[in-house]
Structures are given as structure tokens and as C-alpha cells.
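In what follows, a structure is listed as C-alpha cells, so that the remarks can point back to it.
Chain nomenclature is as follows: A, B, C and D, assigned in order of appearance, with residue numbering initiated at 1 for each chain independently.
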Amino acid sequence: MTLRVGVIGTGMIGRDHIRRMTTVLAGVAVTAVTDVDVATAKKVAEGLPGAVLHATGEDLIADPAVDAVVVCSWGPTHEQYVLGSIAAGKPVFCEKPLATTQDACRRIVEAEVAAGRRLVQVGYMRRYDAAYRALKEVVDSGQIGNPLMMHCAHRNADVPSFYEKESAITDTAVHEIDMVRWMFGEEITAARVLIPRKSRNGGPLQDPLLLILEMAGGALVDVEISVNIRYGYDIRGEVVGEDGTAALGDLSPVLVRSAGQAATPVPVDWRERFLRAYDVEIQEWVDSIAGGGVPLGPSAWDGYAAAAVSDSGVEALRTGTRVPVTLAPRPALYDAAVEVPR
Amino acid sequence: MTLRVGVIGTGMIGRDHIRRMTTVLAGVAVTAVTDVDVATAKKVAEGLPGAVLHATGEDLIADPAVDAVVVCSWGPTHEQYVLGSIAAGKPVFCEKPLATTQDACRRIVEAEVAAGRRLVQVGYMRRYDAAYRALKEVVDSGQIGNPLMMHCAHRNADVPSFYEKESAITDTAVHEIDMVRWMFGEEITAARVLIPRKSRNGGPLQDPLLLILEMAGGALVDVEISVNIRYGYDIRGEVVGEDGTAALGDLSPVLVRSAGQAATPVPVDWRERFLRAYDVEIQEWVDSIAGGGVPLGPSAWDGYAAAAVSDSGVEALRTGTRVPVTLAPRPALYDAAVEVPR
Amino acid sequence: MTLRVGVIGTGMIGRDHIRRMTTVLAGVAVTAVTDVDVATAKKVAEGLPGAVLHATGEDLIADPAVDAVVVCSWGPTHEQYVLGSIAAGKPVFCEKPLATTQDACRRIVEAEVAAGRRLVQVGYMRRYDAAYRALKEVVDSGQIGNPLMMHCAHRNADVPSFYEKESAITDTAVHEIDMVRWMFGEEITAARVLIPRKSRNGGPLQDPLLLILEMAGGALVDVEISVNIRYGYDIRGEVVGEDGTAALGDLSPVLVRSAGQAATPVPVDWRERFLRAYDVEIQEWVDSIAGGGVPLGPSAWDGYAAAAVSDSGVEALRTGTRVPVTLAPRPALYDAAVEVPR
Amino acid sequence: MTLRVGVIGTGMIGRDHIRRMTTVLAGVAVTAVTDVDVATAKKVAEGLPGAVLHATGEDLIADPAVDAVVVCSWGPTHEQYVLGSIAAGKPVFCEKPLATTQDACRRIVEAEVAAGRRLVQVGYMRRYDAAYRALKEVVDSGQIGNPLMMHCAHRNADVPSFYEKESAITDTAVHEIDMVRWMFGEEITAARVLIPRKSRNGGPLQDPLLLILEMAGGALVDVEISVNIRYGYDIRGEVVGEDGTAALGDLSPVLVRSAGQAATPVPVDWRERFLRAYDVEIQEWVDSIAGGGVPLGPSAWDGYAAAAVSDSGVEALRTGTRVPVTLAPRPALYDAAVEVPR
């Protein structure tokens, strides 16, 4: 009953998912791999008893020993592999972004709608984090009343050299963009970016930023984006309701009293903070599709919406203005698309 | 060596300051009172052995048994009593606002400058709160690098019926307006108000609001203003620096584990949260002027600047636009005006 | 390369481990089950494709399709199945207790020593909890100096009706007994029980208790045992060192401000608190033995030592005196027995 | 209506109380001082306008310009000055200990009983600390059920060179001894001291210690005494009730995220931690006696009981045994002696 997965892309994240599916999760085996970097893919295949090395993603998708596909290749190739998987009628898990343009995302949505059933899941793993889930549970319970605002902070100790100006929106805040759509259960309708003075740690980057998102129901979300804050990786969120607030908890494994202070450690990076969320994400994906079911996680629509909001965010960053988000009408296939995946 | 204080205005806050100066603080005695409500003033005077009841504020200011004046009367009368005190060469502590218009505030500034020495202090008590002082100490120490942003929340369980739309800026956020000027040691240059959907608790009010302030040095401040949030009075603040952040601490006197949760109490109202800050504020004022010294707390300039920023905030609330703050040139008398008062 | 496991005992904990090995963990499959309650075992087997139902534990151990054994049967039968596994040369994971008497534990130790290699692991899962591991890491780092004391609390909301007077030691505190041996890396040499007034919630039980343990190196451990404290399941621990302390952290997924307080949830029971620790425990056991390696977790010696300390604790509870712990000499096989299992 | 206070003893604590009564508190003035170190006393007197320097404590007590006496002299002289104040019918605040022997304390109790009204207050300031008061309020509210245990820790960064073996009980834990009598509203009936391995920081001292106290109603209190723990001054307490627990809160003024951790400062010493408690203690004492009333704080009986428990604690430390506490019958004058002073 093991789900046989083919992985397209054996770079860092691809190898991490392979490790996860091989040594951490139940009910799944990696049976095929491919990568444009053939040497790496070959080495990975050799470490996986019974796995086949394919020359192309198309070959991998066509392999009858592949029940489902995981796409971890370079962003610009996502569209073709996701479309290929849809065409083959195989479930496909695509690492974010779903595709590099809104139009490409929309083509995927249309292909999936044409196929008539959900096959695509996008890798927004925060929906699988225990703290975010606990937060959403409180919000949904009505304990704090109708949610009116959300304060978020997305802080990285530093970012790699290829990180660009727009990355603050497209790579960093995109996680909050997906998360708040899921948290509030509604679309984002406009974005605005406010620009404080620059950190000396950010080099040429405009860092930090304050992203403001408007939700369809009128709630307001502010996201501090600080990607060179040195002290650690810190993800924070507080939903402000009519009668109270709910925030991501402390999560500290240990409290040390030493040298004049009581201190808890801050995660070093996103791997440390969201390691379990990745595990849960893939396990739930495997479980949902193993018996022929549909994936319950972030959908192609979610990937499209994230792309659309990102585009507005990037324009807002460039222009300094409030930029509305325009979405195509949502196909009925995604009626439950913004729901909690459990 | 006791400082003899005359109190103009024996309403709630006036009586509280009288109680404070009589039964809590050292080195100060209330020797004169007055109020337009003569009956109340009379009753208060009778409870103060040796205190004289005056018919008018002007009489009280002129009383040779009054070394310094505390103004707690109705806002529109502040200007005349503060100007009167300056004219008499007597130190005057004026509850906020310094005056009800920018122009009035400026006339006070000009009178004080003409008098040639600082006589006026305005009642912004947060600068005297132990938590805010600890926060400023960390910021000033450089431990978190150059401060770039500050996130604030000002939450009231509820507000009285006379609270109006503009009160969110002029009565509530004005505390943050003064606090961030002091925290950053620089002026506010623009204000903007973002409006989320309304709480059902707020009646006709637009509640909550998100106020955005721009500091002269480029730092950005966001202030959540929620004045009907039911759960308690909660004042929060986090300064985001280049290398880390510093936030107001927990301050909980007790942690109770009971009925499925670990909980700390939230203050009921501002009295509970800032009781000590009021004590410290007046004690430091008394100490600073007792030997003929100048007051070190919020100055007439601070009162003027707060009024100017409030005006911009109110306009921003009305228009939905970013409204610059225009200030007159700052007289040399206030060179140290935005410094920590100790 | 899947490890084929046979499970003896399909009661609550047995079924939970089967679920874990089938739907959560990687590299393991349940290929055989047995139970004295044949009907239950039959139903469990039917839900496991490819699994065989055996009439007896001995049959299951002998099954060539069983690489390793998990013992979850009734305590008094543990000895025979663990000895049987050792005799068959198969790795065996035995839920606590290793056996119901010190003597039985010692016979297991002797059998394993005679077999010449470690085959037995005992189910003390706290060593696999992320918070305890983070705590031990701080202690081992030397950051707080030499550890001198440890304060623990083991609190249950309530206990089942079959819970007896001695259960406070043998079922409840036994987790702390194993944990502190691991935390300090040394044996416990004496136990003492102090008895406060009784809770009205405890019925005939003497609840709570304060257990005092003396470590071989002189450190002192106190353990509050409260098993009817209603508010939730709360496990706490703080190691006091020469220069500071380190405590289990907060772990709260969410902080809710509501109705006058800021509150974090307390786990309902041990399942919620230690769910992940069980997963990690079994995954690490599977990984350690899958390639023919030895189990790295709590050993037969640890099981024996826990039994010996429990016996002293029970006597201390009965007599009100300090009761020394006497252990047989530790065979060389267990030289590393009290080490962190990673 | 100012209370005129004479201070016997102008050492560190005496000068601190003089500063407090002169520059912090309301309604009190220091009108007389004396000390065996005449030079110091003279200098102090010179800094206090209107204060008289007396040659002896007896002269000071007899001074008609002294309404009440504060005793801060060397411990062995407390008895004579307190008895002298009682004889003169003047309220007397005596810094701890009330006297250096149980017998001396008892003579004071007898003298006060003979005088027929409460004149004596002893300087146990924890009853005036906001956190301890909040804790007691929760316990008294019944929210956590009947209190059954209390866990305390008394940690000093270091202690002065004259600190002796017994000081751990008589100088350090004596604060907890008074506090738990007040917290539980009942006497301590026995003491026991458990001795862990020594800290390298403690020199010849046996440090840390675990003091166990038994309350009259059967509750059990454990007190960790660590007086060289370097990291700061940390006072902790958690009352364990039938249905929950209540602990001293966090009290942190600031939370700093920096260099890989989120940290709150720990107080440097008892001055920082209990500064306000001292202020409140003396202010409430002044207020209670100013109009001729009786002091409501720790009584001569409390001083005697603390001495008796200390003696048992010291014997327990010396002998390693459980030592009962024997108290004389409590005179009716102290019926309310263990109550919260407000």
C-alpha cells in the first residue's frame, strides 16, 4: 500500500524531501528521480535501493512505477511538470512557487479544472505547523470574537547573496500571504508596502519593510519583514479579535537562567522552526492521496492567489502606492480551497 | 523644605494627584485648591488641613503660599492657567493636553521662551513607567542596533460614552505619540491611519485603527488602537532594531495554573497599569523643582509637538491619506526636550 | 530494508505502537501480532495487510518473518517474552516496566550479558522528548556549572480507579527515576518520601507526595507527585547548577488574551504531552537496529535500576524513612547504558 | 500630622530607611538619630534639617519629639531598644531579627502583652511585595483549592564573607519562614534540612541546601537555598493546591531578543527585587500608627515564631534530623498576627 513517488529535482530541497519520504514518513517510497544535473541525480538514485533514474521529468511522470510526483526543480520549470502530471492524471506536490507568473499559475488552475479533480498541492507548509494550527483553532472557535487585524513578523538572521529587492515579497512574505488567506478563510484584496529606514545589515536591500494586506472581509494585516536581523529566525503572529487576541506561542524547549538573565533560545533558521511542519505536510499529502483521495492542502488556486498577491506586493513596493489584487473568478473545484487541511 | 503646591481642578484626576501628594509622596504638600465647581473644591479643601480654597485659578497662582501649580482643570482652560503660572514665574505641571489647539500650545511655548527658563511640565506619564524606561535603556545601549521600527498596541477594555471618533488619536494614541518621540529622541514627521473592519463592541466608533507614524530619522511606528477589546487594558511595545528587538516585559505578579491553562492577569485599566508611573512622575517633578531647579519631564515643546502630531493624525483619520506634520522651529530652550528625564 | 516487527500484546499501548509503526514511522512494518485476548489480536491482524496472527508470544518470537519484537503485554509476562527474544537473538523493545520485580529484571540483565550483546530496550520515552533533550544539552554544556539539584513536578489531572498507593512511585515517579539517572548520568543511591496533607481529589490515595532522590555524585532531586490536580497534565523540571539553572521550557503553541488574562493551554494528558517522544523513541529504535546495530535507548540495566529505585521508593513511602538503593555490580556491557541515546 | 520618627542605628539599612522616610514616603519625618558610631550618626544628623543627634538609644526613645522608633542597630541590641520603646509606650519598627535568641523574642512578646497593645512591628518586607500579595490573594480566593505544598527558591548571586553556615537558615531562609507562616496563615511545626553536593562557588559553606518545613495543617514547604549561584538574585515560589497552582509571576520590565535568544533580566540583588516592598512596608507602618493606631504588619509574635523556627532549622542543619518546632502558647493579643496586613 506504499505510495510510490517520483521526485523531479534533486537539489537541496528535493534531497530533503527524499530523506523525509525515505527515513521519516510512513507509507511512502521514492521510486524515481531526475534532475538537469544528471550527476547529482545519479548519486541520489544510487542511494535509493530500487529507485530509477530518469532522463527527463516527462519520463519520470510517465513511469508506471510512479504514483505521484514531487516537483522540486528550478521555479521556471514548475509549470511544465505540474501540467505534465495533471495530463497524466497523477497527484503532484509542487514546491512553492506553483509557477513563476500569475499567468502560468492560471494555466495550471485551468488545466486542473479541465481535468475535473484536484491533483495539485503547493508547498506552503505553515498550515501544517502546530502553533499556527493552534492559533487558527482559537480564532475559529470564536473565543476572541470576529478577527479584525493580524500582526505578523517574519525575521531572518540573514539571507543569501542572490536575495533581491522583490524577494522580500516573493520569497519571504509569500508565506504570510498564504497563511493569512488560510487563517482568515478569505482572499487578500490589496497590498501596500511602507518603508522604514534601512538596516546597516541589509547591504543594498531595502530591509526591513512593513507590508500591509487588506482582507476581503475588511480585516487588516501588517507584516514586518526583517531579513537581516542577526539574532535568529523568528516568526510571530497575533490575531486581534473583537474580544481578545490570540498569538503564536512561545515553543521554547528550555529556559536557562544564567549570567544575569533568564533566556530561551530562538531558532537559527526556518529548517529548525518548521522541520516538523514539513514532515506533517508531506505525511498528510501522502495519506490524503494514498487511497486515491484528493490532496487537502494548499491548492493550485492557492498557488495562483499567492502569485497574484505577490505581484501586487511587488508593485506596491516599487510604487509606494496601495495596489489592489485582481483575481479571476474562483472555479467551483476550489470551493474548499482555503480551508484547514484536516 | 516641603514644596507647596496649588491644584487647579478638583475633578477625578485632580483629587487623585492631591491624594498622591498628600499620602504617597515625600517633600510636597497641597496648600491651595480651586475649581469651577466650588462645592467640590470646598469639600476637598476641608479634607486638607492648612489648605486654602481660592475663588479662581488666578488667585491660586498669585497665592504666596503656592510654590508651584498643578493644572487638572477642563482642557480648554489649560492655556490660561499655564500662561498665568509662567507670568508668575511659578513651575506648573499641566495634565495632558497642554492645550486644546496647536496654536494655544505654541503661545505657551513662546511665553516660556520669553520667560527664559523652563517652567512647564506636561503629564505624559509613560516616560516614568519602569517598563518603558527599561525598554529605552536597552534601545539606548545599542544592544539591538539602530532602531528601525516600533510596534505598539494600545488596548482598552472599553471607553466612556463621550469618547468620540477623534479621541482614538487625541486621547488614546497621543500617549504613544509622546512616548515614541521620547523613545527615539526625534520628531514625528507624518501620520497615516489605516482602517480595518469594525468591532461589534465599538458602537458607532471606527474601532480598531492602525496608526502609522514616520519618525524624522526614517523609523516607522505602527500603533494598534483597540478601545473596546473587552479582555483588559493592555499596552504593548516592541522596538525593532538592526540586530534584535526589545519589548515591554511581562510584569505579571502571579501565574496561575488552573482549569486547563496557565494564566497571568491583564490589568483592568490604566490606573492599575500606570499607577506607579503617576507616582514617579509627580515625585520626580517635585524633586526637580523643589530646590529651584527646572522640570526635567515632558516640556511645553513636547506638549506642542503632541498637539501637532495629533492634528495630523486626526486629519489622516478623516482623509485616509498620509499627512505630514509641520512644526515651528524648535527654540534652543528645548534642546534637551526629548531626553529621558533622569 | 524494512524492519519487520512482531508485537506481543494488542491492548491500548500495543495498538498505539502498531498504528505508529504502520502510519507514522519510516522503515518498519508490523508483520506479526499476538495477545492472550485472541479476538482483539485477530481484529488487529486483519487490519494489517500481510501480518500473521500467532497463538503465543513464543510462536511470534520464532517467526522468521519477525526481525524484532515489541512487548506490550501485561507486566508479569514481560520477563518471559524478553528472555525469549534474547534466546532467539532478536532485538526486543519492552514497554515499561522491564519486569515486575528486581529479580526478574536482573535475570534479564544476566541473560543479555550471557548473550554478549545488547538486544533489549525499555520504553522510557522521556529521553526522546525535545524539551528534556534540550535541557540535558544545556546541563552537559557546562553553562550552568556542575548540576547540584533538580526540582521536578509530575502532575496528572486524575488517575484511573485501579491506581494504587504504590503507583505514585511505580507508575508515576518511575519516569522521573529513569529521567534523572539519564540527566545526571549516574545512579540513584537513596530515596525518601515526604507526605503533605491530602488532596480532597485523591480519594483514599495519599496524594500529593514529595519524593526525594539522592544521586551517586551527591546531587539531590525532589519530585512533586500530584496525580489528581485537575488542571491538566504538567511535567516540569529545573536543574540547579553552580552558576545558573536550566528548566523545561514553555512549549505553548498559542497565547490567548481573553477575559482578563493572558493564558496558554496546559496539555490534557501524557498522550498530548509526549506523543512526539513516543514517535521519536520508536523511530530511533528502528533506525538503530535496522542495519543489525544495537539499540541505543534505555537498556535492560536501566530497567533493572528503575525497578531497584522503585522498590526503595515504595519502602520509603511505607516506612517514612530514607531507604538506600542497592544495585548489583554493573556489567561492562552497560558501560554506556546511561548515556544520551544519540 | 507628620509622624516624627527616631532612628537607632545609622548603618547601611538605617541610612536607607532614613532616605526612604525623607525623600520617598509621605507623612513621616526623621527627627532624631543615634548610633554607637557617633561620627557616622553625626554626619547623618547634619544632613537632616531639624533632626537631633542623641547619645544613646534610650535618650532617643525618651525624646518627646519622637513619636515612633525605628531600630536598625546591631542585632544583639534589638531587645533592649524594643523593650525600651514598649516601656515608653511608643510604636517601634525593628529590623529583622526581632532579637537574636528565642528567649529574648519571648521577653519582648511578654512585655508587649503586659503593655496591653501592639506596639512592635518586625521588618519582614516580603508581605509587602506586590507579587507575594497577588499570590496570596489567589491562594485565599480558593481558586486552586486547599493549598498542600509550596515550592520556594531563594537564590543569591553571592554572599558576604561574614556569612556563616547557619546564616543560610537565620539570614536567608528566615524570609521564607516568615512568608509561609503568612501565606498559609498557620505555624510551622517542624524543620528538616537536606544537603546536596556543594557548589564550588560556596567556599567552605554548605551551599546549596534544601529546607523542608511542615505546616500545622499538614502542608509541606520546600525551600532551595542557593547563595552563590552567580546568575542573579532570584526569589521564586509556587503554591500547589488541590486543583491547580499559583506562582510568583515574571515581573520582567523588558524582553530582549538578541544574539540567538529571547531574554529577560534577573535582578542583581535584594535591593533591586524588593525596593518597592520596603517602601510599601514603611509607608503602611507609618499610615497605620500615624493616627494612634496599631501596626498591622509582622508582630512581635511573628518575630518570636521566626526565631523558634530558625532555631529548629539550625539544629536540623547540624544534626541531619527532623526537628520539631515548639512554641509557647500564643497570647490573645496576636490573634490576628499572621494575617495579611491590609
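Odds and ends about this structure:
In the analysis below, contacts are C-beta pairs under 8 Å (C-beta built on N, C-alpha and C of every residue); 3 or more make two chains touch, one makes a residue touch a chain.
These are the chains along with the protein names UniProt gives them: A, B, C, D = Inositol 2-dehydrogenase.
All values derive from a computational prediction rather than experimental measurement.
The chains touching subunit A (Inositol 2-dehydrogenase) as well as subunit C (Inositol 2-dehydrogenase) are B, D.
Ranked by separation of Cα centres from subunit C (Inositol 2-dehydrogenase), the top chain is B.
Each of A-D and A-B has its own count of C-beta contacts, and the greater count is at A-B. Separation between the centroids of subunit B (Inositol 2-dehydrogenase) and subunit D (Inositol 2-dehydrogenase), computed from CA atoms only, is 37 Å. Chain centres here are Cα means. That of subunit A (Inositol 2-dehydrogenase) falls 45 Å from that of subunit B (Inositol 2-dehydrogenase). For the pair subunit A (Inositol 2-dehydrogenase) and subunit D (Inositol 2-dehydrogenase), the distance between C-alpha centroids works out to 58 Å. Within subunit B (Inositol 2-dehydrogenase), the positions touching two or more other chains are listed as 230-231, 243-245, 252, 257-259, 264-265.
In the complex of the two chains, the subunit A (Inositol 2-dehydrogenase) residues touching subunit D (Inositol 2-dehydrogenase) come out as 230-232, 234, 252, 257-266, 268.
Across the complex, subunit B (Inositol 2-dehydrogenase) is touched by residues 1, 21-27, 49, 130-131, 133-135, 137-138, 143-144, 243-259, 264-265, 276, 283, 287 of subunit D (Inositol 2-dehydrogenase). For subunit D (Inositol 2-dehydrogenase) in complex with subunit C (Inositol 2-dehydrogenase), the touching residues are 145-146, 148-149, 151, 153, 194-201, 208, 210, 212, 217-220, 222, 224, 226, 228-231, 240, 242-245.
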